[in-house]
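One chain, chain A, appears in both complexes that follow, with chain B as partner in the first and chain C in the second.
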Partner chain A sequence: MKNPSAKIKKLVRKSRTGWLFNLPLTVGILLFTFVPVIISLYDSFFSYDGLNERTWAGLNNFIRIFGGSESLHVSGDKEMKKIVVNTLVYTALSIPVNLIASYFLALLVNTALKGVSCYRVIYYLPCMIPAVASGLLWADMFDNTFGVFNKLLGFFGLGPYDFFKNEDLRAILSIVLMNMWSIGGGMILWLSAFKNIGKHYYEAAVLDGANAWDKLIHITIPMSSAMIFYNMIMSVIGTLQYNGTLTFGTRQGRGPENSLYMYGVKIYYEAFVRGKIGYASALAWVMLVVIAAITVVLFRTSGWVFYAEDNN
Partner chain B sequence: MKKLICMAFALIMALSLTACGGGGGTSNNGSADVTPGHVNINLDRNVEADISILIPGGNSNEETMIRALIDDFALLYPRVNIEINYVTITSYESTIRNLSRSDMLDDIIWSNSPDFYFLTANNLVYNLNPYVEASEAAGVFNLKEDFYSEYFDMGRFNDMLFCVPRSADSVVTFINTDIFSKAGITQEEIAGYQQNGWDWNQLLDVCARIRKYFDEHGQGSAYVLDANLVGWLSVNYPMLLSYGVDVVDANGNISFDKAKVKECLELVRYMVEQRYIVDSQVASGSSFETGTSAMLFQSSSVSHYADRKALENKVDLIPFPLIKTRNNPKIGCGIAGYCINKNTKYADVCWAFLNYMLTREGQQAMADNGLNLAPIRKDLATADDANWKKNYPNVNMQAYLFGSEYKTSTDFLSRITTSAKTDFEQAIIDMFASACNQSKSIDDAIDRCLEDMNDALDV
Partner chain C sequence: MKALDNHDARRQSLAVKILLYALMTLVAVILIFPYAFMVSKSLMSHEEVVDPTIKLLPAVPLFSNYAELFSDSGYGMGFLHTFIIVGVNCVIIPLSASFIAFSFAKLDFIGKKVSFAVMLGTMMLPGAITQLSLFAIYAKLKWLNTFWPFIIPNLFGGGALYIFLIRQFMLGIPRDMDNAAKIDGANAFVRYWSIILPLCKPVLIYVVVNVFISYWGDYYGPLIYMRSSNAPKTLAQVVFESAVDENVATDMANIRMCGGVIMSVVPAILFAFFQKQLIEGVVLTGLKD
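Up next, the complex of A and B:
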């Protein structure tokens, strides 16, 4: 067997230019992503406020996340229960609603209708608004007094409705509603998947007497399952880390009675408001492990996904 | 290889478990190495230095008056260059933390009462006692005689002065004279309140009369008083103190007397029920700024309101109403001023700048450029040529200076760990918000506040 280092040397020599082009990005990722990630792992074992000396905390930060331990004299984090419930509810609602809504929007604009490109642009435009601006915009639109939604409700003799300012899970429902605004981003991905489905499948189906519904169920959905799977994984990762409420939620993104308090906000709040960098790092690593575990489960159960290469 | 990894992992876990129980938060102790070893208050006119000053962003008054000071200071020390940087008040601590970690914290740092304790707890700023002592010895000033020294006391921690106040900030009652007059509150009554102060019963009486006027004139949705109870400790903490309640005792333990807190919150709820103050969950377009509310508790410069089109020639000031129920009335006030970064290379130059800010000329320059708050110097309080009130001859500017014996800051924050500070503030604000919006009973609101404060300490 050949020496592996000689193999690497040969590989580098063979594509030196490519490696040189790649170098800035590699160095950047190492310095600005990999190193901070390792530092955060290190910090997670300390009590550290970002200014004073680190104090060794062992597993205290992790024990605190998982309810504490009387025998070890580590108290549990009483906020965690609410945060986990909020995050799971948001994830459970947001992912299917967004995936399905954007999928059907993509189906609607995947037709030969005249001027359909304009619709695609219009639906995608909200995704171009920066998240902060969008958050503030929605805070205004959901405002109790001047918000357009409450004006509409008022027109029908309803409301005012508190939206983000609700003290219960209805606050999270408001975010799910708000997210519908940006389903154009998902729509673009679905469209790209639809474009890759060969027309001959549909032509053959028409010859067999298939109607639109049959084509959707038996061709479009199975043939875009790879994209469904990709979108699902990316949504899970993004949704579990969601911290958008920082821009519009009251009480520094936590909402009244912590109704908007989710895991991503918790990490921010511990690190930058309470100044507990060590604890926030531990929270981030727990999240990483959870996301990794979910991703593994999704991959392990991805037998339903059809990849084009499978056909070859 | 597998064995090696397993052993290494086991070692880490063992070490971690052994160390369980260790750790701790940042206590609000401060340390001794913040006192400058040698100070020089007689700088050479040609001293050279490039320093920077951190001021709150989005506050045009603060910026213009600091720029005016910088311009004047440049005449005294032409080779000192001062650059202005900005900090957002809502992210003050994280900004300071990041700047400090990257050695980019400015030489002079703006601070206020709640945030000041973050700087001292983390030993980020100099103890300015040696400069004050040197200045007094040289006859530059006499702190107790020349200044409202209670504001300097608010800038102290463990008897060390860390923050120099730039003005004497105090909560006052802004009133809309137009609404007062229409509601039948006479000029004589207002003058009486301005002269002798007023108490909460008189406030309630005025509220009732204005409410009646609003209701009789189709302004049912307007509110009488913007009491600033759901976002600002400078109103609700003095209210609690007036009822004999302190948040924490001298040892930093929570010392809520639930019965007294309840009494205080019942007053708030009564005012909500009478529609004097807004239910914080009910939509209302009424506000003092827009001229649709009659009163406001605030400590801002008068120009911030009096210069608004909707309030032109309609703004006057009355002191904060005293709650005399338990003979312990309090008026909220606080320090807004500047500290010197402990790591600055130019501490003497920074002090020279702060010292200039305290001079008559410095205070006048600031007042001429947006600072319409009471000066920190006693000699400017009533002086005819004092700039701080010259643009508002018809406004009772003395309200800011009323009742120095009642003044109190949110000093309980100095007695708790810094990591618990935000949660304590939030817990109290949430409690008052609950009293204002009737979402829960007063007992539940107090219990929730206690629970939140205990959680904040329970780390």
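Up next, the complex of A and C:
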């Protein structure tokens, strides 16, 4: 009969091998995640350019982000208002438009027709194009004079439109339009969710005299709600950090009159163009808190999500 | 009567089928158009790209545009630098990620659950939080404008997602396989290297292809860490700089498109070969919880 101390000894000995294999991860997370996270939190309370000495700034960086304070002699960041509006409008439009468009695309190819898998591959192909290439391409296609979009619109007597070169929110709308070409990514996720819905639900519905619309509303959408929820969370996290305007926007991704200027580019611009690592760190921490808060709210209000118990 | 109904139903379903195919083809044409146009424009002459009329195809395809692109030595060197970064990472990431995944899938140790949860937690962290201070750290280490920021961090697993996917795959390998080896006295290293690793080939292919595609297209990393004019710039970075240069002549759009086509064609070919694994992988990464 084994005694307990021998058992513990054995577990410790086993642990040694396990930790040996796990060591690269632990060291990696410590060096390239924990240490930088703590340093950036620390930096957010300083005025710091990344190279020279830090100067204590207290909460000034944060006060600056939130509009400044006259009594404390901290001026507000005048760019912030437009950045916040742009980022919120982009998030509020882009996420629902993309989720719905890709959902309908997935419904369209969720059939057993011959060659349908070929169409799925074609729809996913634009998602494989690197951001630099598509940025280059869309800046060209949306050009006021030489762009093919305006030439085609001119053919029908419309336009010319400024697209990314608009000075108002229409610039943001152009990004939402451009994003329509990458709905294939969402489509793949929806298709996998549809595959997990048992056939018997549909068979039973047909017996009850349900038509295609009933099946969509009462079976497909509720049964894929877990994927809808997952997709929503990931989209919110990704969209709030979006800095893709760097590849197609003028003025280093900010656009004319800052019409394309969003939070992700703001962090980049403050840190690497203006050299204000301290202020950029404060911006990044505010973003982290906002993302965490939105995630918590989404989870708290996720009563509508239905988790299927058997996936077979 | 019944035969007639059947006939009607068949006609109706045929009409639906034709409608579906027409719709699917229309969507396909719209989605592919920009990329086909990019290829077409890359073959146009300098006069054609500034022609005010609608030109969808070049009169004569000018393949010499690609030679013109590479006459700028920045692109050739960019290719070389990208291949060094991509090549090294395609070896070290699958190796380090599978090594770590082995500890989660096949070994027991105190603190395993905590370590796993912390790893998954790092996936939710916005990149900006770490990038800013890593930039300052790399500057102190004199790593800026070198390959090190793109290689050293990847010796530690190359990201939670890859480790997670390989672990999922390893969990599916029957216990008996390495139990038999254990009874024969094989230690953990031997079991990892000669039994488990060879069986992980499908997921390793997925990881390699993804590492290739993500480092091939990465412009943001070089934009931050390789800012000096004599840095070993990557191809994505050179194409990026040509795209955002606002002083460039408009009639050079064809040459810029050549850069875009070269950037796109490599992932497109990889996708053609590995579409099944890649699409299934998208689904797997979509279900990580």
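Heads up, the rule we're going with is that the second predicted complex is superposed on the first by the 281 of 312 C-alpha atoms of A that agree within 3 Å, B and C clash if a C-alpha of one lies under 4 Å from a C-alpha of the other, contacts with A are read in each partner's own complex, and residues count from 1 in each chain.
Everything that follows uses one rule, which is that contacts are C-beta pairs under 8 Å (C-beta built on N, C-alpha and C of every residue); 3 or more make two chains touch, one makes a residue touch a chain.
Keep in mind the model is a prediction, meaning the values are calculated, not measured.
Novice: Put chain B and chain C onto chain A via the superposition and say whether they clash or fit.
Specialist: Pair status: clash.
Novice: May I ask you to decide whether A:51 touches chain B, chain C, both, or neither, giving the answer as first, second, both or neither?
Specialist: both
Novice: In the superposed arrangement, does A:63 touch chain B (first), chain C (second), both or neither?
Specialist: In the superposition, A:63 touches chain B alone.
Novice: Touch test for A:146: chain B only (first), chain C only (second), both, or neither?
Specialist: both
Novice: Looking at A:31 after the superposition, I want to know if it touches chain B, chain C, both of them or none. Which is it: first, second, both, neither?
Specialist: A:31 contacts chain C only, not chain B.
Novice: So, A:75: does it touch chain B (first), chain C (second), both, or neither?
Specialist: first
Novice: Just checking: does A:181 make contact with chain B only, chain C only, both, or neither of them? Give me first, second, both or neither.
Specialist: The second partner, chain C, only.
Novice: Under the stated touch criterion, name the partner, chain B or chain C, that contacts more residues in chain A.
Specialist: Partner with more touched residues of chain A: C.
Novice: If we overlay the two complexes on their shared chain A, which of chain B and chain C does A:136 touch? Say first, second, both or neither.
Specialist: In the superposition, A:136 contacts chain C only.
Novice: Contacts for A:272 in the overlay, against chain B (first) and chain C (second): which applies, first, second, both or neither?
Specialist: It touches chain B and chain C both.
Novice: In the superposed arrangement, which partner chain does A:125 touch: chain B (first), chain C (second), both, or neither?
Specialist: second
Novice: Given 95-103, 131-139 or 383-391, which one is the stretch of chain B whose C-alpha atoms run into chain C?
Specialist: 95-103
Novice: Of all the chain A residues, which ones make contact with chain B and with chain C?
Specialist: Comparing the two interfaces on chain A, one with chain B and one with chain C, the shared residues are 50-51, 145-146, 252, 272.
Novice: Going by the contact rule set out above, which residues of chain C touch chain A in the complex?
Specialist: 17, 20-21, 23-25, 27-28, 31-32, 34-35, 37-38, 41, 49-50, 52-54, 56, 96, 99-100, 102-104, 107-112, 115, 118-119, 122, 124-137, 139, 153, 155-157, 163, 187-188, 192, 213, 216-217, 219-220, 223-224, 227, 236, 239-240, 242-244, 246, 250, 253, 256-257, 259-261, 263-264, 267-268, 270-271, 275, 279, 282-283, 286-287, 289
Novice: Write out the stretch or stretches of chain A touching chain B in their complex.
Specialist: Touch residues, chain A against chain B: 45-47, 49-52, 55-60, 63, 69, 72-75, 78-79, 144-146, 150, 160, 162, 165, 167, 251-252, 272-276, 278.
Novice: Spell out the residues on chain A that touch chain C in their complex, using ranges where they run on.
Specialist: For this pair, the touching residues of chain A are 11-12, 14-22, 24-29, 31-33, 35-37, 39-40, 43, 50-51, 105, 108-109, 111, 113, 116, 119-126, 128-141, 145-146, 148, 151-152, 155, 181, 184-185, 188-189, 192, 227, 230-231, 237, 241, 243, 246-248, 250, 252, 264, 267-268, 271-272, 277, 280-281, 283-285, 287-288, 291, 295.
Novice: Would you mind writing out the residues of chain B in touch with chain A in their complex?
Specialist: Interface residues on chain B, with respect to chain A: 13, 15-26, 90-91, 93-94, 97-98, 100-101, 122, 124, 281-285, 418-419, 422-423, 426, 430, 439, 455, 458-459.
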